[in-house]
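After this come two complexes, each holding subunit A, first together with subunit B and then together with subunit C.
And then the complex of A and B:
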């Protein structure tokens, strides 16, 4: 019984991590209109920066300063932001599908580099037994509850920041040039500079929160940063409702509960392949059905942001 | 020299895989991420016919093309037709959902193990300083024939003319009486069928595994952008060029960096020439 209970603690922790990713994605894609299909690349840059700066156990790695955790987190945030700047400046000149493909390509390049630069990243072996904060205070299973609380506190903080952002003039500006770029430009707004700034900010948050993901998994290998992370965050966002405030959190909760519960079922031999595939089938079906029957998601932008977008819709018609 | 041969093989497979993605992008208006899974499906169907039914590889490849083409038409009717008016975002994410669904179903149906075609490539012979096998020549020949057949189909038949009309201006084509649903079905059949054929070829030169669709779709997207997402001949040339670039880069950097090279080329092109290498008309504003 406690086994099942702790399984759901794990699911909720993972859901919290995806709630963070989906909220940042919402800022990029929902409000600023930049379809980022490579967010896992930024998470990987942050995650690897953190682990390389802080790890102490492996001496095969050429660069292992063994710095304290908080330095690692700052380093991860800086690296995430810098990576976003490097890909944002060239690719944000072109919008829509081209940005989407560039980010997807970037994530794949990062994935290949983490596999091949094994003198820095330890290749496919990766890092194990990632050290976690406050471990000396809480032992064993109790630590999972602590991590659950930590993840959701961060998710809550991100929510507060995002809520503040979207109601501020800055958030209105983002949504404004998402909907009508020429008008925003004609009003003297530097749309491209704002886009780059938003993307870099997203990179900083992805980088800074990447250690949470590592603390949860306890291992760092290239395979934990597969494109699946990007697609799960996107699915959570579109299920919950793209461009709404609480949609990404709701979507992450529902999606992770569904997909992880499916994988709870155990099987052996041939049947194990069927069960492990069931997650992908469920993920795919949920995405197709939501797009078909509720393409605005469970919480729509209008319902979430009320007044402003309602009025905008009315004046438009 | 040897690298050029490998580059031509990779490139011609990539070209026929990419041309389908580009056709769907032009006539249906969105990027079909599930296109990569059609390659996987084609490879597994081809492998099934060769190893279980013990058919000749050419018959198996032909059947795989037809079957995957039919699957493409079926999913377009069941999955994509109902959301045709919901815009490119909904269609794109539906295609990602479909990619996951197909990926899961393929793993259930064919297993997750890595398979090799039991087909022999025939003896290796030397032409000047290079080694080639009959099988490799046949792959390039079949790819070339497919492209030639596609070009004849698009320029010489009525249905082909309709497809090109729809691609350049969908609403005008509809107003002029082009049967939209027949064009759509034909495009899905040709595009998915070619993806299935490319899948069999990828399986032949390498192996057949359930992950191959995800690996291939990234390179296909790179080739599609390189070719300018629009013109079909541009995409063919881009596919060949990217294949050559990937295999020739092996002379300078380790082969593990093949994909990195492909995307390096892509990012470079996006920075220098965002409209693609071969775009004649200006880039259509995306989204």
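And then the complex of A and C:
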């Protein structure tokens, strides 16, 4: 019984991590209209920066400074933001499709680098010692509960920041030029500058929160940063409701609960193979059902932000 | 005093000369119009003036300053604003939000000020202007409606109001009367005259000759990329070259 309970603790922790990623993706894609297909690349940059900076295992790598965790987190945030700046500046200058392709390619480049730069990243072997906070106070199952709480506190903080952003003039402008860039330009808005700032900010948040993902997995290999991370975050966002405030959180919760619960079913070895592919079938099915019956997602932009004008008018006057 | 000066502007698309050595001047406080048949190069001229298309040759000055070569948002910041033929605006935002985007100051809409939160004070004044403008256009009841849910005529009005929120010195209106029902055209003419009385210069493109001749002080007629006639509405209707392109040659 407790085994099943702790299985769900794990599922909910992972759901919380995806709730964070999907919310940041929502800022980029849902509000600013930048379709990022390579968010896992930014998560990987943050994750590897953290693990390398905090690493003490120096048997096979050239660089293992063993810095404190908070330095690792700040380093991860800076590296994520810097990576976003490097890919954002050239690709956001041109049309939206270029951004989509560039981010997709960027994630693949990062993936290959993590495999091939083995003197720094330990290649496909990766790291199996991840420095985690509060480990000296809480161990074992207690730590899993602590991590669950920590992840959801961060997801909640991200929610508060995102809510603040979308209700500000900044968020209103993003949602405006997402649908009509020429009109925003004709009003004197330097839309590209806003896009670059937004993408860099997204990179910072992906980078800073990537350590949570590592604390959960307790291992770092190139395969944990596969394209699947990007697609699960996208699916969660689309199911929950793109461009709504709480949609990405709801979507991540529902999606992860459904897909991970499938793996709880037990049976023979052959059956396990069927089950592992069943996750994707279930994911596809959920997506199809939501698209068929609620194309704007479970919470629509209109429902989430439609009354914003009234609220803001009252607070402003 | 000349506010907008277009001098010898040419714009080519491959072998097609869309705007052919066009020169025209619009005086401050004037309502000027560019008329001409489809494909005459009117909209291309607007795109060049507003910075959306770079000119191949020629210069554009606004308020004495050289603006050709600047980016669209830079030109708009010198308070020369334009509208578009299809006035979709920001469809997912409410009518009120559409105006607020236009009226918000640069500093208040940055990511940093959204994170840091010194927003309210400046927004107050913008909010009041937006509500006043909506009242004036009789759109007060629609302020919380999503723009995409309005009628095409009302979307045009919001388009007009959105431009006014920038406090323009000059407005370029691309076919403001198209898609507006005949009964509302009179109201539109009044609005444009009101705006001029507030000191805003207007340059309008339209197909609707009676609408244009009714409001304009100066009319520039374009055909095949070139300006073929200029003058007051009265002079234009008696100009044989203009009569020919609109009514055909007398046999």
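Methods note: the second predicted complex is superposed on the first by the 303 of 317 C-alpha atoms of A that agree within 3 Å, B and C clash if a C-alpha of one lies under 4 Å from a C-alpha of the other, contacts with A are read in each partner's own complex, and residues count from 1 in each chain.
The rule is simple: a contact is a pair of C-beta atoms (placed from the backbone, for glycine too) under 8 Å apart; a residue touches a chain by one contact, two chains touch by 3 or more.
Predicted, not measured: the structure shown is a model, and the values here were computed from it.
K.L.:
Give one word, clash or fit, describing how subunit B and subunit C relate on subunit A after superposing.
P.N.:
Here subunit B and subunit C can both sit on subunit A without a clash.
K.L.:
Quick one: angle from subunit B through subunit A to subunit C, Cα centres, nearest 10°?
P.N.:
Rounded to the nearest ten degrees, it is 80.
K.L.:
Examine A:287 and indicate which partner it touches, taking first as subunit B and second as subunit C; both and neither are also allowed.
P.N.:
Only subunit B; A:287 stays clear of subunit C.
K.L.:
Which of the two partners, first being subunit B and second being subunit C, lies in contact with A:170: first, second, both, or neither?
P.N.:
After superposing on A, A:170 lies in contact with subunit C but is clear of subunit B.
K.L.:
Using the superposition on chain A described above, determine whether A:179 touches subunit B (first), subunit C (second), both, or neither.
P.N.:
A:179: touches subunit C, not subunit B.
K.L.:
Tell me which partner A:238 touches in the superposition: subunit B (first), subunit C (second), both or neither.
P.N.:
first
K.L.:
Quick check on the superposed pair: does A:113 touch subunit B, subunit C, both, or neither? Answer first, second, both or neither.
P.N.:
In the superposition, A:113 contacts subunit B only.
K.L.:
Quick check for you: in the superposed arrangement, does A:191 touch first (subunit B), second (subunit C), both or neither?
P.N.:
So A:191 only meets subunit C here.
K.L.:
Could you grab the smallest C-alpha gap between subunit B and subunit C in the overlay, to the nearest Å?
P.N.:
10
K.L.:
Which residues of subunit B touch subunit A in the complex?
P.N.:
Listed in rising order, the residues are 31, 79, 82-83, 86, 88-90, 93-94, 96-105, 107-108, 111-112, 214, 218, 221-222, 225, 229, 254, 256-257, 259-260, 263-264, 266-267, 270-271, 274, 283, 285-287.
K.L.:
Can you list the subunit A residues touching subunit C in their complex?
P.N.:
Touching subunit C from subunit A are residues 161, 164-165, 168-173, 175-180, 182-191, 194, 197-198, 201, 243, 301-302, 306-310, 312-313, 315-317.
K.L.:
Okay, in this complex, where on subunit C does subunit A touch?
P.N.:
Touch list, subunit C to subunit A: 50, 52, 71-74, 76-77, 81-84, 88-94, 96-98, 100-102, 104, 108-111, 113-115, 117, 119-120, 123-124, 127-128, 131, 143-144, 146, 162-163, 165-166.
K.L.:
State the interface residues of subunit A toward subunit B in the complex, per the touch definition above.
P.N.:
Contacts found on subunit A: 33, 35, 87, 90-91, 93-98, 100-102, 104-106, 108-109, 112-113, 115-116, 227, 231, 234-235, 238, 270, 273-274, 276-288, 291-292, 295.
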